[in-house]
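What follows are several structures.
Presented sequentially are two complexes of subunit A, the first with subunit B as partner and the second with subunit C.
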Partner chain A sequence: MSALVTARDLAKHFGGGGWPRTGPVVRAIDGVSFDIPRRGALGLVGESGSGKSTTARVLLRLQEPTAGRFRFDGEDVFALRPAALRRLRARMQIIHQNPMAALHPAMSVLDQVRRPLALQGIGTRHSRTEAAIELMSQVGLSPEQGRRMPHQFSGGQRQRVEIARALITRPDFLVLDEPTSALDVSVQAQILRLLTGLRAEFGLTFLFVSHDLGVIRHMCDQVAVMYLGRIVEIAPKDSFFATPRHPYAQALLSVVPVPDPAQRTRPRSRLTGEPPSPRNPPSGCAFHPRCPMAQDICRREAPVLRPLAPGHSAACHLAEARP
Partner chain B sequence: MDPVLEIDGLCLEFRSDRGPVKVLDGITLSVSRGETLGLVGESGCGKSVTGLSVMRLLPSPPARVTAGDIRLGGESLLSLPEAGMRGLRGKRIAMIFQDPMVSLNPVTTIGAQLAETLAIHGADGRLRSRVEAALAAVGIGDAAQAARAYPHQFSGGMRQRAMIAMMLACRPEVLIADEPTTALDVTVQAQVLDLIRDLQAEIGMAVVLVTHNLGVVAESCDRVAVMYAGCVVETGPVAAIFAAPQHPYTRALLAAIPRADADSATLSVIEGRVPDLVDPPQGCRFHPRCPRASDRCRTEKPPRRDLGAGRYVVCHHPEADA
Partner chain C sequence: MATTEPSGVAAPAAGAVFLNRFRRNVPGRIGAVLILLLIGVAFAAPLIAPQGFDAQDLSKMRHAPSADHWFGTDRYGRDVFDRVIWGSRIALRVALIVVAIQLAVGVSLGLLAGYFGGWVDRIISGLVDLVWAFPPLVLALGLIAALGPGLENVIIAIAITSWAPFARVTRAKTMSLRQRDYVEAGIAIGERQGAILLRYILPGVVAPNLVLATLTVPAAILTTSALSFLGLGAQPPSPDWRAIRNDGRDSMRDAWWISVFPGLALVATVAAFNFVGDALRDALDPREDS
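Coming up: the complex of A and B.
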């Protein structure tokens, strides 16, 4: 199957500020590559500052990349001129973590849901309204609710509005940046169920950014783990959760709190310290200061992603040495 | 074992333009020395308000206790004059919050803030060495240097450690930890939970862990109280409740979590949304969303049923009856 989304060596560096431009450069992401097949779902997981949201934003050119290539259905997105990019945006949409910040506070919900169609010049005023009302009902909102303003909705309903607005142009590709992180468990379950249904119905391809491995496991069929701006492991979901290869991924999985007291005694690899600052990354492998099995080579040389099993790669010098 | 902290039938309202908001409706809880009680529920269920009312940190008005009592070591906290309460806060009951950046003074060094806490509670003389010992006790490496740092120079995990150091200065009998790890990354969350557990074992304090995360409860609590719309719907030992939840809400909540350790086929969805507490549903507050609701649930408040082995459920139709 050919990939709908092909990202190669994405990089986004910030800074180099001041005059002359000699300020420190923060490498928010570097060398990020992945493919997502049509109708596939890639989960991007990592802790704060790992670069997962930057990856999502750079892909859609909400922030201009420093380097890299992104082919979307054969088009070279980073080379597109503004008018062509805007047309393509109908096919690539994003859902944010905080819908209250993403929605216009003083525009009715119906206006916001149909607006992307007007901006793309699709249909007539009447057909746009019809389409918006239909999509709102598909995400569980009634036509009467269309006249209301965002502040009159609960967090879960606002996320439904954002989903309707993102899907109104019938995109193929949906980037979801922590779409349920601000929601309660029971509301999260409602939204995840809705997204699963819509993914099948509209044949969507997902890039799903989350810090929650449980959500990733539930929603995705491929997982990429980021640490300090780089992908350190990428694998099909089943292979990843059965045998994570990178020591960071192993530690992450072992410390996720599991709602099952019987598992309290399971072996855990406790990490010491906190993720380092991308302003001043460690030498060699960025994870070595926290890695329980770091050796000399890890301090000297940055590891590259190497295939270790079918479709399963990890960036660790020592990955093969372990079962 | 004798409970250190007891909450007995606590009812609390907030005054509002639309009439009183019945935020807590008959909360009954207790926690013993050395024990960790998880207080779990979704936004607006009253878990944080319960913690704050124990500390008497809610401004009154608008908050008003309409019934019930809170006792520390058998002594009523609600009838205590404010001066007496001030003597207890920090000394016998301490609280830490979700966002340490809000609790810490941004323009004073960590060391000076710790020293102030120690001095207020009667530490004498050599404050600097006490401060450094307190920081070292919570696993902050270079304590002398850390004492001179300002809060913004600390990472989130370090700030929470500093808060814990302050809280521990007086070796309180009860710690109320309100979402202490919610703002932290999962690897750091594990470190902070370990730290609280180690310190608890050392000084034998009772911990009330307020959280929305059932995973955290399963990992670090002895007992759990599940709250919904201002009521405790179920309470008991963690292992028993997670293995066989009796209240339909507990059951649905557990089945709504996408798990990292197993494939979850479909997530259970609780239809509808939490009620407006200005006008809460008659009878059981969960009945409009409950798959097992009967006529009785719509009219009659469910009793607190004793299921034995320290388990209680507030439901007309618990799982055991089904």
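Coming up: the complex of A and C.
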């Protein structure tokens, strides 16, 4: 199957600043690779600082990558010149985490929703307004609200505005950077339901960044776990939630609340310590200082991602040793 | 093209809060009234003082303030009140032109430095440091030595020597704004860099620059005055307030009114702008709750 999104060895390093360039280099992400089939949905989980948002931004070239390749429907995105990149942006969009911050504070929401069409030179002024109003009602906003400014809306409504703005050019690929983590739980459910419906209707491909495995389970069909800038486990959803292979993934999964505690099958394994600083990563496996089963090899050698089951890979020396 | 231009980043609700806060600031209100008065007087000068600023009456030299001549007369028998009234035009013109140049130069350089960073930032910031390192009066004196005396040259000299704070403030604000999600969202929907700068970032740097402009006007007026006092700025018979004072300097003992009234006008103007600047700064400060 040919994937819509093919990311290979993405890297984003910060620093190394000063002159001569001698500052410390921070590897925010390093060697990140994944595929997302058309209409697929990949969930990217990890703690804050794990590089999941950086991965999302680098893909859309909101931050320039240090290295790597990104093929989007056959196009080499990282090689595109500015004009071609702007055209391609009609087909890949992003929803930001904080709807309070992601809308222009001094532009009416209707203007913001129809703006991408004008930038892409799609339709006439009149047809753009029509399209914006139609999409706004589709995401649950009334046309009369179009004249209002973002600050007159609640968080959930603003997230709807953002979704309308992102979908107005009918993109194929939508990056969602923790789209609900700034919202109330009840609003979260509404937005997630809206996104699920829109995904089916528009045939969208998702890259869903979140720290909430419950949300990922609900929204995605593939899961990638990031730790300190690298993917440590990537798997189809069912395989992942049934048998997580990496001890970090197991720890994350064991703290996801279960509606009925009697059904809890795994013991809670609590993570101790802080995630290490990417400025000064540990030797060997980056997770070894917090890993309950770390051994000598973990301190010496960095594990590589290797296949353990169909479509299921993990970067752990000891992964095979356990059921 | 969208119809609504971003008029300013302060949204309507924030605007109401801002007005409320500004209104509660008493010195700010006094300053605002004084500035409006200054503007009114400058526009109405031909009505208030129809005989102009240099009508001489040699029969009435150095007359003390009276009902006919509220501020007295100078050594050529010119009415000091009329001259002070006409001088308001000069003060206002200096303030407006200097601020316009400062804003144009400072804001555009600051936007470029803050947005592009890297070597653009290093060059512009270096220039800012260089200009800032000189005391404005000394640098202005040097420039006037090169350009020759005259009010226009003084205005140019002051503007050239004092745009640096605008560039620095704009650069800092731009750097923080370009990290905002809505700017990133603008890039994500395919805005060009020019549009990002003008439609997304420029509205956000208006407020701090407005405050700074109000606070630099007094400095601009005072520096112009200082240079006029030294005889490098406005030339006789110009009714520039400091030029009048320079004129009245020799007769301070027997004709104090020649120096004192333009001085008071100067103090009132400078104080008014300072009051308004402080009030604006406080009212626009997002940290203070209403």
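Of note:
Note that in this section the second predicted complex is superposed on the first by the 313 of 323 C-alpha atoms of A that agree within 3 Å, B and C clash if a C-alpha of one lies under 4 Å from a C-alpha of the other, contacts with A are read in each partner's own complex, and residues count from 1 in each chain.
Operating definition for what follows: contacts are C-beta pairs under 8 Å (C-beta built on N, C-alpha and C of every residue); 3 or more make two chains touch, one makes a residue touch a chain.
Predicted model, so just to flag it, every value in this text is computed and none were measured.
When the two complexes are overlaid on subunit A, subunit B and subunit C sit side by side with no clash.
Of the two partner chains placed around the shared chain by superposition, subunit B is the only one that A:Glu47 touches, whereas subunit C remains out of contact.
Of the two partner chains placed around the shared chain by superposition, subunit B is the only one that A:His218 touches, whereas subunit C remains out of contact. When the two complexes are overlaid on their common chain A, residue A:Pro105 makes contact with subunit C while staying clear of subunit B.
In the superposed pair of complexes, A:Arg114 makes contact with subunit C only, with no contact to subunit B.
When both complexes are overlaid on chain A, the residue A:Ala251 reaches subunit B alone and has no touch with subunit C. Computed from Cα centres after superposition, the angle at subunit A between subunit B and subunit C reads 80 degrees (steps of 10).
Within the superposed three-chain model, A:Arg89 lies in touch with subunit C and out of touch with subunit B [touch as defined at top].
The gap separating subunit B from subunit C in the superposed three-chain model is 12 Å, by closest C-alpha atoms. Overlap of the subunit B and subunit C contact sets on subunit A: empty, with no shared residue.
Against subunit B, in their complex, subunit A makes its touches with residues 47-48, 154, 156, 184-190, 192-193, 211-219, 241, 251-253, 255-264, 268, 270-272, 274-275. Contacts from subunit C toward subunit A in the complex involve residues 1-4, 6-14, 180-182, 184-192, 199-200, 203.
Residues 57, 60, 62, 86-87, 89-90, 93-94, 96-98, 101-108, 111, 114-116, 118-120, 149-152, 162, 165, 169 of subunit A touch subunit C in their complex. Against subunit A, in their complex, subunit B makes its touches with residues 42-43, 155-158, 185-191, 194, 212-219, 238-239, 242-243, 252-254, 256-261, 263-264, 266-270, 273.
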